[in-house]
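To keep things clear, I will list the structure first and then write my remarks on it.
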């Protein structure tokens, strides 16, 4: 069935499968020490304009968030997140599993409220009993956010500035980074992110890879014995080549950006199709995820024809659902959606 | 200096020290297997009207919260707390250290918002992706709350009913339980608590003991191998007699309740003294902790004469401070406070 | 360079890549709920002769060990392992990271010493203070072991019987299970393993997959909310199809067993080549890993021509090294080894 | 019944109870910030001859071991212990609960085998795959050991030297430190310990206190935000005065050493009494714990008259039991033992 359920419903971009096949018989060392990992790291450094960034590959998003947060934070520190943040809502408590608290801050459209962040920090540091509280050691943001929205460059600069003032690490979850970078409505480049954040990751799983996330430490701040720490968390892949080859391919000839751009173009068309049928938008998203409100009867009828995602109940009679595009979304998919909407709405 | 800083600024009620001295040369087995622990457990069971409750003694409040929450919750479960809850704000992330999330729910005057609780649960169970979320396995409340307020019997019944509907454990933190039970403004008895909660604890540290909290499992629900689990968390006292003798004394001739009642009477007089000098109350507390707003100049002057606690900034020029009474608060202390207020306000 | 370094130096068996490509454009739900996962589970159940076993897919070996051990053990329990066990030596403390102790038992040739196991258990249960110890809740074995050796069916029966006597889970790490099953020197079938163990896994990473391990719970004993527990540990793959398609392929037309058999045949020839040049064997291994002792000069010279693995120092002048075969080992590789040995020894 | 079961069967040395009573009505700040804690710290610094050591008070032994080990070790590090070490055998996995492995080293008479330690470290650092292993970050020893034995100064120097060579912390568990220092057969002073170890603790619970252990960081190496870390582990006592007053008393007029010396003198007499009745010693202990082998019939008869501790089975017909002396052991107790032995042996 035609699916807009998410950006990870199909396999990998064909170029990736091709490279996996071409390199399949090469004998390579394990655990990320192969030459494709090396090459991919170098290419990523080039793209972000930082010759000496530390790049490491991990398998999936929750794993990456938990590994980064738990290895960067000190024992007495917690991570600050928007209330709606992925780590706070949809990772089954993976951060807390590592022994660290997630401190909730109010959000707006998925983005952390900068004033609320400042108020929190000011109150924390004026509290004489703060040894009995968790120390804020990191700010976690995602870009795009859970709702597909984007921080402006100015907002990122403000958050980065707050982090530096308070000695906190700024960590950007880029599970869907490409879609943010290729959006029509952004002034943020990957170089800005590398400069403003202390650590971020470039999501592969949701941008055309079979799996894989590229973690980038930008301030000479990779934790010591990181391989050991990854292994300890069950996150070290034996055939690290699987990650190296994929990212080497994604960062050859702009493939990562071409995939992302394609999904954005499809999303823009999708928005028009949805709007054209009077579908209400739950949020104005400039990226590949679109959140719309369907009355439950329409939702049911449309659900018989194609696949989308339940997001949350809107009210007693209607529901927020998500439509997502990806590398594999086609014009035919959109035409089919249009036809289906005609029949259902 | 005269102190109203907290209810743990002086030592133990003299009756406790007397019993410690009287029993000092008795040779007793360790780790809570002595006859004083046994006797104290029996007396507590009598007071709560449950012959077969399981009573265990631990050393301090944060330890008790972390031990109970982490041994009762299943691996995939989290604990729900009011945003202002002690475990969520002032225990340095001790619950998260055990690998479990604290789910924040809105609060009012320190009490969990029952409607918000219901909404949360309803949304959680209507979410098709809830395997990616933390399962609510327990509701944590404290009575009195962080702000000295109390749940009514009807409120406790409602929360208990929600817990039973959703298969959650109801855990009541009674670090200051006595002050709640002896308040002039409560319809809740210790038997009500035993009936409505699945586990609660009777705080000793803040009610006249040197240290010690008595955990009560009321529904035949003490975790298996609890001694081992306590030991694993570094919470098993070798000379368990120290806890047994103290609680045996506290639950002989109503001492626990007499101590609490005394503090309540002192608190009621304290309120009058404070109100009599035009001090504004931050919250209307019916227990032994009183939260008032002092302008910073008064706070400084008064602080030179006696001790109270910083609570939080109220606005740029004033501060919320706490005055607490305890077993050792005297009429002389109150007279001194009156005299000091006269000189400062 | 020709490599015998390990069984994970090349990519995936070509049949797997072919199936990944064929299914690449299919839109499938995430997180292991797709039809290839379903199909693979059914096929595995058929192979092990248990219609209702619970099969789950995870990404790598250390992850799998940590997930199984930490979700099956109760809080007060520890896992027993041979001193040389992978979890005890080479997983960077991943089990302890989950809060559980690994109890070391003496080993012989990589296998747990059954008498030592029995003595340990007998002493543990006759110790009156065992609440202060970690309770043995599981026995971990690997088959083949770290040294490539195999348990006989009788040995497995004895261990299984000890586990049942003491109420412990028997967990078999089958990271290289295929090589054990296809060895010339074994009387153990996969059905025996399913019957005698409570949980085991069928390793994919080291037997021709890009990644992936198939966990099999054989006694209706899969932990509740397992998806949540996997997610909490950062081990839930978004594109679960990657695992489902690979295992579906491996368990179609006996591919898993053909791959394993090929490696065994290559290993048998390898042994002859090595023995033919007077190389001493450190251990007599009936599987695809061969451990030999090289004097350091020979090691260095041979290391210039082909790749093998450092294992451990043997004495001041010589070293134990590992040669491994896999799905991709060829007759040409062996011929090259023979030629190289002639030049070096 | 007369008891030699352990050194924590009676309450506190009377001088301690007296001081608790004398100071009981003083109003003091909480959490270890009171003047008695301050005074006790200063006195301990004087005794160990280190003006600027960092002293902190914790409640019990297992708690202290877990707090020190988990706050000092880096994430990728493990602690080395003798196989018989308390943390490895009798603390219910409290160290592993903090996510760190205990690496077992062979022992002799309860003491870590220094040659085995060196071999382990040498092998670890010559292993090319040690990122897949746990890094040895600390050596844990206890003095006296589990069997009451003592390290000589030369042995401590050797272990200390190994630790410095490999950049490891040397941590000495002094739960019974006084008995070691006051033994007739030792050349080790408390100043030696302070100099040779990086952190150690002076046990109070087993040397005359109700509870309490004094942790000493000797190399300006107290972990940052230690109060927060203690609180996070549930180990911060609200009425910290309970610890401060006890240690202030113990380190006034040599009380700690007088208590210890008394127990040693009683132990020496105990040894003579036991030996005089032909009782076999399991180990030659120079401290307050004596381990003897009783045939099971004698054990049962003697057990009807007085209390001692089961230690471990010796063989099918006999058992190792422990007799311990303490501050409260009297000549009358020994006379009673002598009389009882006459009747039973």
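Per-chain numbering from 1; labels A, B, C and D assigned in written order.
Throughout what follows, contacts are C-beta pairs under 8 Å (C-beta built on N, C-alpha and C of every residue); 3 or more make two chains touch, one makes a residue touch a chain.
It should be emphasised that the depicted structure is a prediction, and the values quoted were computed from it without experimental measurement.
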**Q.** Per Cα centroids, the chain farthest from chain C
**A.** B
**Q.** Pair joined by more contacting C-beta pairs (A-B or A-C)
**A.** A-C
Q) Per the centroid of Cα atoms for each chain, what is the distance between chain A and chain D, given in Å? A) 50
**Q.** Averaged-CA centre spacing for the pair chain B and chain A, given as whole angstrom
**A.** 41
Q: List the centre-to-centre spacing of chain A and chain C in whole Å, with centres computed as mean CA coordinates.
A: 33
Q | chain D: positions in contact with at least two other chains | A | 76, 91-93, 97, 99, 131-132, 228-229, 231-232
Q. So in the complex, which bits of chain A are touching chain B?
A. 76, 78, 89-93, 96-102, 104, 123, 126-129, 131-134, 310, 312-313
(Q) Touching residues of chain C toward chain B in the complex: what are they? (A) 70-71, 74-76, 99, 131-132, 135, 223-225, 227-229, 231-232
Q.
Which residues of chain A touch chain C once you look at their complex with the stated criterion?
A. 1-3, 5-6, 8-12, 14, 17, 20-21, 23-30, 59-67, 91-94, 97, 205-206, 210-211, 228-229, 231-239, 241-242, 307, 328
